[in-house]
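Below, each structure is written out as structure tokens.
There are two complexes below, and they share chain A, which is joined by chain B in the first and by chain C in the second.
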Partner chain A sequence: MSPAALELRSVTVRYGPGCPACADADTAPVRCARCGAVLGCRRLSLDVLPGEVLGIVGESGSGKSTALACANLDLVPTAGRVLVGGDDVTDARGGARRRIRSDRLGIVYQTPQQGLDLDVTAGGNVAVRLLASGWRGFDEIRRRVLGLLAEVELPGDRADTPVSLYSGGMRQRVQLARALANSPAVLLLDEPTSGLDVSVQARILDLVRRIHEETRMAMLVVSHDLGVIRTLAQRLLVMHRGRVVEEGLCDQLLSDPQHPYTQLLVSSQL
Partner chain B sequence: MSAALDGLLAGGAAGRRGYNHAYLDEAAKREVRRTLLKALCLPGHQIPFASREMPVARGWGSGGLQITLATVVPEDTVKVIDQGDDESLNALGIRDLVTRTTGAAATTETPAATLIQTRHRIPEDGLAEGVVLVFQVPIADPLRIVDARPSVTRRMHAEGDYAGVWLYLYEDMVHHDHASFTHSHPVEVEGGYVMSPSPIPRHDVARLDGAPHISLFGAGREATLYAVPPYTRVRPLAFEDRPFETERFGGPCVRCGSTGSFLVESGGEDGAPPRLVCSDTDWCRRRRERAR
Partner chain C sequence: MSVRVSVDGLRKGFTRHLLDGCRVEVLRGVTFEVAAGSCTVITGPSGSGKSSLLRCVHGSYHCDGGSLVLRSGNTVLDVATAGARELIGARRRLMSLATQFLEAIPRVAAVDLVAATGVGRAEAAGLLLHLGLDERLLEAPPATFSGGERQIVTIARTLATGRPLLLLDEITASLDPGRRERVLAAVRERKREGATVLAVFHDVPRLSGLVDEVRTMRDGALVAA
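After this line comes the complex of A and B, so read on.
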């Protein structure tokens, strides 16, 4: 069997110094009363299989974003391993780490400001990923950039407009094109539609689904919105206080939640 | 200034009491030399140094002057140019200070010079092996346009993260159909560090590649030195299918008829159209003398 596109193995992230009282990630409280350290996630294990869309839901502070930051190599876990395409990349540092992030991972953040340079053109924001991976032919870069922008349904004649002049929905499309530029092993989506109005949300979700159907790219979607997860994900993890409390097929889990927290989450849907 | 110097320096060595050989104190010269050796070992890498107060303001060649004074030996023949011109006030002042405090000879003729301090030009003559060319640098870091924080750009240099400069070139190509650097076009040194060649025109940038002379770069205001040793690969950043291009001129130099040199506009007052002349005045003069 081919290795998982992305794997987190028993990942613990502690923000703060840590002390003997909170050394055991299983029993420590989220915030240590003695040293003030906060546990972002504790012995979290997950894998995203090739071609699969895995969803993570959970309330604010449940550890979703910490898990995603570890997956995107933005954060080095306190303990545990991170594997991309079967390669252990936990200890990669500096330039090597940056190259793995650029060549093998793609991420769409909740806010475009996190993922884009708003003063740079849409095309430039996509091109920079190719440039970072060593592309040096201008025509070749240009073709790829315009192809990617077309794929995310952005008009080619707007490619040379600074992103600051784009609407929120269009900016998310630019982020998506940028994330797809190097055909990553896994696409990370961090609340990709949270800041958008409902009709734009639906179009972006349709686009992500279409891209998944066409490319069978592995994806990890983090959201607090069960609707987004239901639309995109096949398999689902429910996180609560830094742990996975329930795991299963998306439809099954949402129609018959077992853990009290999941039940609360499902029943809280508007 | 000249009269004051005359007074201080009158009577040769005895009159120079109070001034050390080559103006700087020995510890300062040693520090600059140590930094230069390090810079030569790491071509294109910016090395910080303790830039001293100089008798020229920072930003007026103080970095280049410190290198010149730390490098010059009495056997040297020194030439100083400002945009190709030996006779500008700043060039004159620096040449005066160097020769008077060291006893080195002065020249304006490039072939006779062994140590040349320059502001924003490389002399048109090919420089021989052993010649030291000292550049004055206003902005040392080519990544300044990407991020203004030195702590960030140092990391980028260390990791070879030059996507930001390339993005700059990409955006230029999209908006202007060519690279917009008229000077300081960033170069890759020996396949490693990306370096600012100082604000020399593209005509000169192309001439750094594989040059036999030693290039030393000093940024006094930014307290940074860097260097390119002889016969080093220096490649201007350019896309594979959009080659680096040097300046093109409408015609030859109206004084010497040269077509291969870097030309600048001269005159143009009182409604007369400006004329193209060589930027390197010494080179232009010698060509005219030979033709006579």
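After this line comes the complex of A and C, so read on.
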């Protein structure tokens, strides 16, 4: 069997110094009363096989974005390992880490400001990603950029418009084009439709689904919106206070939730 | 390729944590068999556990006990204990569930929803028209369809997969008599091609060559008809 496109092995993230009182991730409170450290996630394990879409749901502060940040090498876990395509990349730093993020991972952040330079054109934002991977020929880069913008249904004649003049939905499309630039093995989506109106949300989800059907790219989707997860994911993890409290098939978890927190989450859906 | 379904001592209940952990038992040791290439209809009053049984077979509900074995060629899978990836694989190869409610993807046209199962657009359109969908609706997303029109899209999607086990939950509940006959005839055609059918109906369909066995459920158990 081919290795998982992405794997987190018993990952714990502690924000803050930590002290003997909160050293044990299994028993420590989310916020340590003695040193103030906060446990983002504790002993989190997950894997995404090539072609799979795994969803993570949970309320704000449950640890889902922390998990994604570890997967994107934005955060170095306090404990545990991160593997991309079977390679342990936990300790990658500097240029090696940049290359992994640029060549093997793509990410769409919740807010475009995190993933884009709003003062730069859409084409420029996408081209930066290609340049980071060693692309140099102007014509070649231009062709690839226009192709990517077309793929995310953005008109080519807007390629030279600064992203600050784009709508929220268009900015998410630029993020998607940038994330796809180097055909990554894993696409990470952090609340990709949060803050968008429902019609724009539906179009973005439709686009992500189409990209998955065409590329069979492994995807990890984090959202608090069960509708988003139901539309995109096959398997699902439910996180609560930094832990995975339930996991399984997406439709199984949403139609027959077992854990009290999952039942609360499903029953709270509008 | 056909699928044999063997259900043995199947138990299923729901623990309602939001209601102080109240426990509701819906399947109490259900045992029966559906022979490969045959059609079994489960009938019984509302709340007797018919749909829960179907969802257990599909793996949409957890099973609490007993076994639920699917056999097809060299494949033997106990759905009651299978992991998520095994179930995804089994669904892709072996079975398809049609419920009363269509969970449509926003913005996707009816014909594309059916074509997404792997058939061509022309074949998808032909199937939808054959089952009685108005031609003008083919290119429209089903979000604004009536209950009956949505049901036709659901059934078309299930039939189009070509999978050898069809799980059908009240699939004609919203249809007029004409479309009901067409749908049942299409299911009978799939059965003739070798598909195994496990279906829930309130009223047992009277269509010759379709139903081989009728089982009646009451309070989570099969009873003598």
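Convention: the second predicted complex is superposed on the first by the 270 of 270 C-alpha atoms of A that agree within 3 Å, B and C clash if a C-alpha of one lies under 4 Å from a C-alpha of the other, contacts with A are read in each partner's own complex, and residues count from 1 in each chain.
The working rule: a contact is a pair of C-beta atoms (placed from the backbone, for glycine too) under 8 Å apart; a residue touches a chain by one contact, two chains touch by 3 or more.
Not measured: the values here are computed from a predicted model.
Between chain B and chain C, the partner in contact with more residues of chain A is C.
In the superposition on chain A, contact is made by A:258 with chain C only, not with chain B. In the superposition on chain A, A:211 makes contact with neither chain B nor chain C.
By the touch criterion stated above, A:139 is placed in contact with chain B alone, chain C being left untouched.
Contacts of A:30 after superposition on the shared chain: neither chain B nor chain C is touched.
Looking at the shared chain after the overlay, A:123 reaches chain B, while chain C stays out of its contact range.
Chain A uses no single residue to touch chain B in one structure and chain C in the other.
By the touch criterion stated above, chain B contacts chain A in their complex at residues 155, 158-161, 163-164, 166-167, 170-171, 173-175, 239-242. Residues 94-95, 98, 102, 120-121, 123-124, 127-128, 131-132, 136-141, 160 of chain A touch chain B in their complex.
Residues 49, 202-203, 205-206, 209, 213, 230-231, 234-235, 247-249, 251-252, 255-256, 258-260, 263-264, 267 of chain A touch chain C in their complex. Only residues 14-18, 55, 59-62, 84-85, 87-88, 103, 105-108, 116 of chain C touch chain A when the two sit together in their complex.
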